[in-house]
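Should a chain be cited, it is by its letter among A, B, C, D, E and F, assigned in written order, with residues numbered from 1 in that chain.
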Amino acid sequence: MEIDPFIFRLSIFVLAIFVGYYVVWSVTPSLHTPLMSVTNAISSVIIVGAIIAALAGVSENVFEGSKIFGLLAIFLAAINIFGGFLVTQRMLQMYKKKKNKK
Amino acid sequence: MEIDPFIFRLSIFVLAIFVGYYVVWSVTPSLHTPLMSVTNAISSVIIVGAIIAALAGVSENVFEGSKIFGLLAIFLAAINIFGGFLVTQRMLQMYKKKKNKK
Amino acid sequence: MIIGSTKEQSPEKRISITPETAKSFKNLGLNVCLEKGYGESLGYSDKEFKDYGVEVLSSPKEVFLKSNLLCKVHIPSNTEIELIKSKSNLIVSNLNKEDKISKKDINIFALNFLPRITRAQSMDVLSSQANLAGYRAVIESIYEYEKAVPMMMTAAGTVPAAKILIIGAGVAGLQAIATAKRLGAIVSATDVRLTAKEQVESLGGKFLSVEGSENLETKGGYAKEASEDFKKKQTEMLENAVSKNDIIICTALIPGKPAPRIINEKMIKNMKPGSVIFDLAVQNGGNSAYSELDKITLINGVKIIGLSNIMNKLPLTASNLYAKNIFSFVRNLYSREKKTFVLNMEDEIIKNTLIKE
Amino acid sequence: MIIGSTKEQSPEKRISITPETAKSFKNLGLNVCLEKGYGESLGYSDKEFKDYGVEVLSSPKEVFLKSNLLCKVHIPSNTEIELIKSKSNLIVSNLNKEDKISKKDINIFALNFLPRITRAQSMDVLSSQANLAGYRAVIESIYEYEKAVPMMMTAAGTVPAAKILIIGAGVAGLQAIATAKRLGAIVSATDVRLTAKEQVESLGGKFLSVEGSENLETKGGYAKEASEDFKKKQTEMLENAVSKNDIIICTALIPGKPAPRIINEKMIKNMKPGSVIFDLAVQNGGNSAYSELDKITLINGVKIIGLSNIMNKLPLTASNLYAKNIFSFVRNLYSREKKTFVLNMEDEIIKNTLIKE
Amino acid sequence: MSANLSAIFYLISGILFILALRGLSSPETSRQGNFFGILGMTIAIVVTIFSVGNFSSSIIYVLIVFIIGGSIGAFIAFKIPMTAMPELVAGFHSLVGLAAVFVAISAFLDPDAFNLGSPSNIKLASLIEMSIGAGIGAITFTGSIIAFLKLRGIMSGAPITFPGQHLINLILGITVIALVFYLCKSQSSILFWSIIVISFLIGVLLIIPIGGADMPVVISMLNSYSGWAAAGIGFTLENTALIITGALVGSSGAILSYIMCKGMNRSFISVILGGFGADASTGESQKNKDQKPVKNGNAEDAAFLMKNASSVIIVPGYGMAVAQAQHALREMVDKLKKNGVTIKYAIHPVAGRMPGHMNVLLAEANVPYDEVFELDDINNDFANTDVAFVIGANDVTNPVAKTDPKSPIFGMPVLDVEKCKSVLFVKRSLSPGYAGVDNELFYRDNTLMLFADAKKMTEDIVKNID
Amino acid sequence: MSANLSAIFYLISGILFILALRGLSSPETSRQGNFFGILGMTIAIVVTIFSVGNFSSSIIYVLIVFIIGGSIGAFIAFKIPMTAMPELVAGFHSLVGLAAVFVAISAFLDPDAFNLGSPSNIKLASLIEMSIGAGIGAITFTGSIIAFLKLRGIMSGAPITFPGQHLINLILGITVIALVFYLCKSQSSILFWSIIVISFLIGVLLIIPIGGADMPVVISMLNSYSGWAAAGIGFTLENTALIITGALVGSSGAILSYIMCKGMNRSFISVILGGFGADASTGESQKNKDQKPVKNGNAEDAAFLMKNASSVIIVPGYGMAVAQAQHALREMVDKLKKNGVTIKYAIHPVAGRMPGHMNVLLAEANVPYDEVFELDDINNDFANTDVAFVIGANDVTNPVAKTDPKSPIFGMPVLDVEKCKSVLFVKRSLSPGYAGVDNELFYRDNTLMLFADAKKMTEDIVKNID
C-alpha cells in the first residue's frame, strides 16, 4: 500500500502550478518588469541541482568529468542570483512613494 | 535517503492552503452564499474516510463495532453531498443573466 | 358649483385659471366661467378656454355675480367685492390681515397664510412664485450687468468669472444660487438659518457664515429677527464680502416684519463701478440701501434695482404655477360627494388661510 | 513713437485702449496719449490712465495731431482723418474695402481682414467680439422670453425646459450654444460646415444636419454660399425644427456676402406665441424674416430682435478684449530695435489688413 | 486499485475541487464550478470504494445508506425556501462535523483497518491527527447546530454573554490539549471520549456569544473548521484527497469569513473568538435588537443587482445634492446603459430643498431631459421595474404619506418605489428626512440599505459594474 | 542533513518563493517580496550544501566559483542603466537556461551521484525528466540570447520570417520527441547531445520571428520555460525545492506573459508560437518601423504615475470636449487629491474650438475656479511638476510653435508641458490637431502616449487609482 513518492511530487508540482497561477494573476502592470526580474532570480534555484552535480557522488575532484558542468552551472546561476535580486531591488527603489508629499 | 511520505503530505497540505487562499480571495460578494454552500458540499469529502471506516479491515459486518460509525458517517455525509450541491445549483439558477434583455 | 375669475388690474399679467387648470376643474365636476379676453395678456385666446368647456362671459360683473368661488391674484376692489354673492368664496394670493374689506359675508382665503406643511406644498403660492422670482432676479441682474459672467480664457485675454452674492437662502435665494451657478458665476450666499448652509452647498454655492451666530430659524422654517449683536457681526462680514462681488441678489425676508436692511450705504460705495444689486425684498422695504420700487438707482456706477412685480417678467410660467396652486387648494376645499365647498376647520390649511367669514 | 486714441461716436461705448493695455504699451516702449474723459463711458477715470503714464490731452484734435498710430473701433470721420499726420498709422476694427477715405498718405489697418491663422488669434477682433456677441445674444433673448428656461419639477407642476436653436455654429454660435446649455435649455444647432457637428456636440448640443449636404467650408474655415438645392433642404429641415423651439439665435454669416436668409415668414408663423428670435446677423441683412435693426418686431406673439451693436451691452468686457487684440497687433507691427512701426509685407497679417497706404 | 493509481485520482479530484471553488468566484463560471465539484466528489467516492476493494455484502448496506442519505439531502435541497439558505448551510455543516467525529471514532476503535497500528497501540502521529480531527469535528458539529438554531429563530439571535466566558473557553481549550497529550501517553479510550465531549461543549460556547448578524461569518468559519477536521483525518488515513480538500476548504473558508468581516466592517478576531472584545458594544447591539431589522448591502451587491436588471429607476433626493453625487450617478447610469439596462429618473415634485433642485443637478451632470420623469408620469412604472435606486431621497418615497392620516406628510403624493422588485436606498443612516418621519420602507424585505455618503457609494458601485 | 529535514527546508524555501511572487504583485509589499526571495534562495543553497554533506576541498572551489559569479552578477546589477532592464533580464535568463543544461548533462554523465542508476543504465523516468530539463533549458538559453540581441539592438528588432518556418519548427519538435524516445531505449549519449543541439536550434527559430515590441512577453515566456526546465531537473533529482519553484516560476511566467499580451491586445498564441499568424500584419509593422518610436502606456501606468506624483497639471483640449470627458476628469482629479497630489489645470487661450471652450466644460464639471490657470500664470510651473496630463490637447502643446518659423503655428504661445518629468498624452491616435502639424512631443522620452477615447481612458485611470 505504499505510494510511489513520484505521485507525491506530481501532486506538489500540480499544486505549485496553481499557486503560481493565482499569485501573479492580479499583479499591477507597473510591476510587470520587477516581477519578471524576481521570477528570473528565483528560477536560478537551479543552483540546487548544480551544487549536487558539483559536490555529490564519489569523486572528490570538482574539475573532473561531469562535475565540471556542475561547477559551471554554479557559476552561471550565481551571476543570476546576485544580479537578479539586486537589480530587482534597484527597480523597486523607484517605486518607493515620494517623501516630499504632504 | 528516502523521504518520509508525511513530509510530502505536509507539502501538499501547505500548498493546498495557498491555493484555497488565492482561489477565494477575489470572489464577488454576491456569490458569498453559493460559495459557502459549495465549500460545505465539498467538505463532505470526509465520506472518503467514512467509506474506509465502513468497508476496510478484516471484519465483514458493517453493523459491528467501529464500522457502524463509518456507516453513520456515510449517511451524514451523503445528505450533505446531495443537499449541498443541489442547493448550490438552485442558488446559481438565480444568477443566470436575464433572458429578456435586449 | 361655479368657479370664476376676471382679468387682473394692469400691469399685472398673471391669471389664476389657465386652460390646463380649467380642464382639471371640469374633471373635478366644477363649472368655470371667465371674463371675455381673460387670457389675452398671455396670448391665450378665449377659444382655448371654450374648448375645455369654459363659459366666457362678456363682463367681469357677470362673473362676479355668477360664481360660487372666485380665484384672483390680487384682492378685487371693494366695489367688485360687493357684487359677490353671499356665502361665496374668494381666493387671493396676497392679503394683509389689516386690509379692510367692506363685505363681511364671504369667505376669503389668502394663500399667503398657507402653513408650510408637507401637504400644502402643492398649493404653496409663496414657494412657487418665490422660486421663479429667484430665477428671474438673476436674469434681470445679468441683463443689467455690463460684463460677461462666465470665465472665458481666450486668445485676447481672460474674462474673469463674475462673483455673485445671494443674501437670504430661502426658496428664492436657492433658485438664484442655482441659476447663477449655471451661468458660471462664483456664487456665495448667506443666511441666518443654520440649515441654509447645507442647502447652499448642495447647490454648489459657498456659504458665508456669520461668526458665532445663533440659529435664527422658527419652527415653521422661517427666519426670526436678528439680534443687534448678530446684525453687527453680519455687517462686518458683509462689508468685506460685498466689495468683492459683482452682483448681489437680496432675498431676505422676515414674515410679518419689514425686510431686514442688510446692505448699507458704505458697502455700496465700496463696490466696483458696474456692479449690480437686485433687491427682491424691495416691496417689504428692501434689504439694500438706495433700493426703490421700479427704479434702477445708480450710485457710483453701481446699479441698484427694485422691481415691484418681477412675476410680470415671466407671467406665463408664473401663471401656470399659480393656477396649479389654486387648483390644488380648491381640490382640497371641494367635496366631490357633497358637491360643495366644505370649510373643515380642523384642516390646518383651511383654518390658516381663511381670513374673514 | 506715440499711440493715441479718442472717444468713439455715441452710442458706441467701447474703447480701444484700456488702462491695462496702456501699461503694456508703455512697457513696449511706446507713449500713449488719449482724449480727456476717454474712458468715462466705462467708468474709467482719467486718473487711472495717468497712473500708467498716459498723457491726457484736452481735445481729440490734439490726439490726432500728435499720434503716430491711432487706435479706434470705428473709422473716424473724414475731417478727423485729415488731421492725422502723413505716414501715420490708423487701426480700426471694421472697414469695408469700398469705404472712401479722402486722405491717402496714411496706413490704415482694418482688423476685420485679419487672416484666420494661428498666429493671428490673439489679434482676432472678429473672434473676440463674436464670442461675446454669442453669449450676450442668449442673455438678451432670455431676458425677453417670458417663461423660465431651465426645467423645474416643482410641487406646482413641471416647468419644461426651453428649447433653443442656434443657426450657424461659428464663434458666436458656439458660445451661444454653451451659454444656452449652461442655463439648462435643450440646445440644438445647425451649420453648413460639416466640422461644426463635432464642435456642437463637444459642447453638449445636438446638431441638426441637412440631409445629403455637402461640406460648405472654405479653406479659411469660413462658409461658402449654399446652393439652391441645399437651401431647399435646409428650409425643409428647419420648418420642422423651428416650430418646436422657443428661442432661436441666428449667427450665420458668409464673408463678403449678405447674410443668408434662413428663417422665413412661414416658419415664424408656426412658432408658439412667446417665442423669441434673436438675429445677430441683422447688420448684414439678417438670417430671419422681419428682423430689423434696433427693433423688437412682434409677429403673432413672436419677438424678433435685431440689435445693431450688441457689444454696447457689455462694453467693459468687449473693450478689454478689443484693446488686447489691438495691443497684440501693434506688438507685431512695432520693432523694438528700430523703435518704429515696420510694414513687413511678407507678414501675412500686415499684408492682409493693410488697406491703403 | 493500486495505491498509486488511487493517489493520482485523488489528486485529480483535489484539482477538480480547486476548479470548483475557482468557478464559484465569478457569476459566469459558477455553474460550471458546481459541476466540477460534483465530478470531483464522484471520483473521490468511486476511487475510495475501489481502492478499499471490499465487495462483500457490506457494500450493499453502504450503498443503501448512501442512497437514503442522498435522497434526504436532495429532498431538503428542493423543498427548502430560498430565504432559509443560511440556516440550511449551517445545518449541513453540523453533519460534516459529526461525520468527521464518527470517522475519527471508528479509526480509534479499529486502527487496524486503517493501518494505524492496533487498538491501544496506535501510531503516535495518527493518534494526534485523529484527536485533532475528532475535536475540530465536534466543535463544528455543536457550533453549527447553535448557528442553525439561532438563524432558524428557535434560539434568540441576540448574543448570549456571561462573565468569565473567555476564561472558560480558554480553560476548556487547554484541557483538550492536555487530554491529547495524556491520550498519546496512555492510549486510554476514556480520554479520547472526553476530548470529543469537551469539544462539543467548546463548539456551543464559541457560538452562543455571537449575534445573529454575524452568523454568515460564523458559518463560513465553521466551514473552515470542517475543512481542517477533514485534513486532520486525511493525515490519519494518509489520504491525499482528504488532505488537499481539507486544506482547501479550511483556508478558503477562513479567507471567506475574513472577507465577509471586512465587508461588514467587523473585527475578524472578535467574531471568531466568539464575541471577544464585543463587550464594549453590547449596549448598542442590545438597543438595535429591539429595532426592526434592515438588510444591509454593499456596493458590489448593488452593482450586481442593477447590472443584471433590465430596468432601473433612479430616485434622487436631497442627499444626492448634499453629497454632490450627480456626476458619479451619471457615470453609473452610463455604465448600466452599456450593460443594456433601461434607465429612468423619477423626480418627485418636492425632492430636495428647492423647487427644481434635482433638475439643476441632473442638468449639470448632462442627464438628457427625456430620461427625467415627473411623479405622475412614472409612478405606474415602478411595478414593472426591477430596481429602484433611491439616492439620498427619503420623505418622497415614504408610503406613510398614503396610509397614515396622522402623519405630517399625509396627503403628499409619493413615489411608489416599493413596487419595484428590489429597492436600493443610499443614505448614511436610518435617520429620517426633512419631515422627521421614519420611513418604513427601510425595513421591507425587498429593500437593501446602502449606508454611505451618496457620492462615495455611487463611485464604489461604478467600480463594481463591468 | 537528513532527507526529511532538508525536504522540510525545501518546502519552506518554496513557500518563501511564493511569498516573494505574491509580494511583487503590489507596490506596497514589493520590497518585502524581494527579501523573501533572497531568503528562500539562501535557505535552498545552504540546505543543499549541508544535505550533500561533501566538505572536501571541492567545496572551496564551489564557493570560489559562486563568489566570482555572484560578484559579476552584482557588478552588472549596479552598473546597468535602468533603461536596459529588459535586455538584462533576457541575458540573465540565458544563464539559467544554460545552467539547467549543464546540470542535466552532469546528471547524464554521472547518474550515480544523483542516485539515478549508473551510466548507460539510468532509470527511465529520470532519463525522460532530464531530457526534458535539458531540452527546455537549451531552448531557454538560445531563445534568451536572441531576445537579448534584439533588445540590445545588435540584431534588428524586426521580425525575421521565412517561408516554411512553422513547418521547420514542427519537424524539429517532433525530432526531439523521437530522440527522447530512442534515448530511453538505447541510452546512447549521442542522442542526448543531439537533443540539446536541436533544442538550441529551436530556441533560435522560435524567437527570431518575434518583433521587438513583443519582447517583454517573450522574456516572460522564456522565464516560464526556465521554470519548467528547473522542475524537470527537480523531478530527476527528486528535489522538492526545484519542483515547487520550477512549477511556480513556470506557471507564473506563463500567466504573466498572457496578462501582458492581453494588456497589449496581442494574441498570446501567435506571440508564443513565434509570430504564428502574424504574417498578415507584417506589412503594418514594417510601416511602423520607419516611424519614430512612441512609448505606449495604459491606464494602469498612468494611474500609477499620477498617484505617486506630488503635483500634476491637467492640460485639456478639444479632444476632452469631443469625448465629453470633463466629468470623468473631475472624478480622477478628486481621487488624486485624496492621494495627496496637488492639481492644477492649465488652460491655453485657444484650447478647443471656441473662446472659453474649456472653461464651459470645466465649470460644468464643477472644477473650482482657483484651480484653473491661464497660460501666462502656469507656464513656469511645468518645470517643477511631476506629471502633465494632456487630455485631448495637441496644438497647444506643440513646441514647434516656439522653434520652427516655417510652421503655421509659429508664434503662438504654447504650454511647456515637456518640461514636466513625465507627460501623459491622451488621444486616440498619432494624428495631428486642428492646425494639421505633427507634434514632436509624442516621440519624446518622457512622454507616454495613452491611445484611447479621452473619456474611456480617464474612467479607466479612475478605476486604477486607490
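Everything that follows uses one rule, which is that a residue touches a chain if its C-beta (ideal position, glycine included) is under 8 Å from a C-beta of that chain, and two chains touch if they have at least 3 such contacts.
Remember, it's a predicted structure, so these values are computed and weren't measured experimentally.
In terms of C-beta pairs in contact, C-E outnumbers the other of A-E and C-E. Subunit A and subunit B touch with mostly matching residues; of the residue numbers seen at this interface, over half occur in both copies. As a whole-number value, the distance joining the C-alpha centres of subunit C and subunit D reads 38 Å. Centre-to-centre, using mean CA coordinates, subunit D is 68 Å away from subunit E. Our note on geometry: subunit B versus subunit C, Cα centroid distance of 72 Å, whole angstroms.
For subunit A, residues that reach two or more other chains under the stated contact definition are 2-3, 5, 8-9, 11-12, 14-16, 18-19, 23, 25-26. The set of subunit D residues touching two or more other chains comprises 121-122, 127-128, 131, 150, 152, 154-157, 159, 182, 184, 204. Under the contact definition stated at the top, the residues of subunit E that touch 2 or more other chains are 14, 18, 238, 240, 244, 324, 349-350, 355-356, 360, 363-364, 366.
Here the chains touching each other pair up as A-B, A-E, A-F, B-E, B-F, C-D, C-E, C-F, D-E, D-F, E-F.
Considering their complex, residues 318, 321-322, 324, 349-350, 352-357, 360-361, 363-364, 395, 401, 408-412, 435 of subunit F touch subunit D. Remark: subunit B residues 5-6, 9, 12-14, 16-21, 23-63, 65-67, 69-92, 94-95, 97-98, 100-102 touch subunit E in the complex.
The touching residues of subunit B, counted against subunit F in their complex, run 1-4, 7-8, 10-11, 14-15, 18.
Residues 42-43, 121-122, 124, 127-128, 131-132, 135-136, 139-140, 142-143, 145-148, 150, 152, 154-157, 159, 179, 182-184, 273-274, 301, 313-317, 320-322, 324-325, 328 of subunit C are the ones touching subunit D in the complex. Within the complex, the subunit E residues that touch subunit D are 347-351, 355-356, 358-360, 363, 366, 369, 372, 374.
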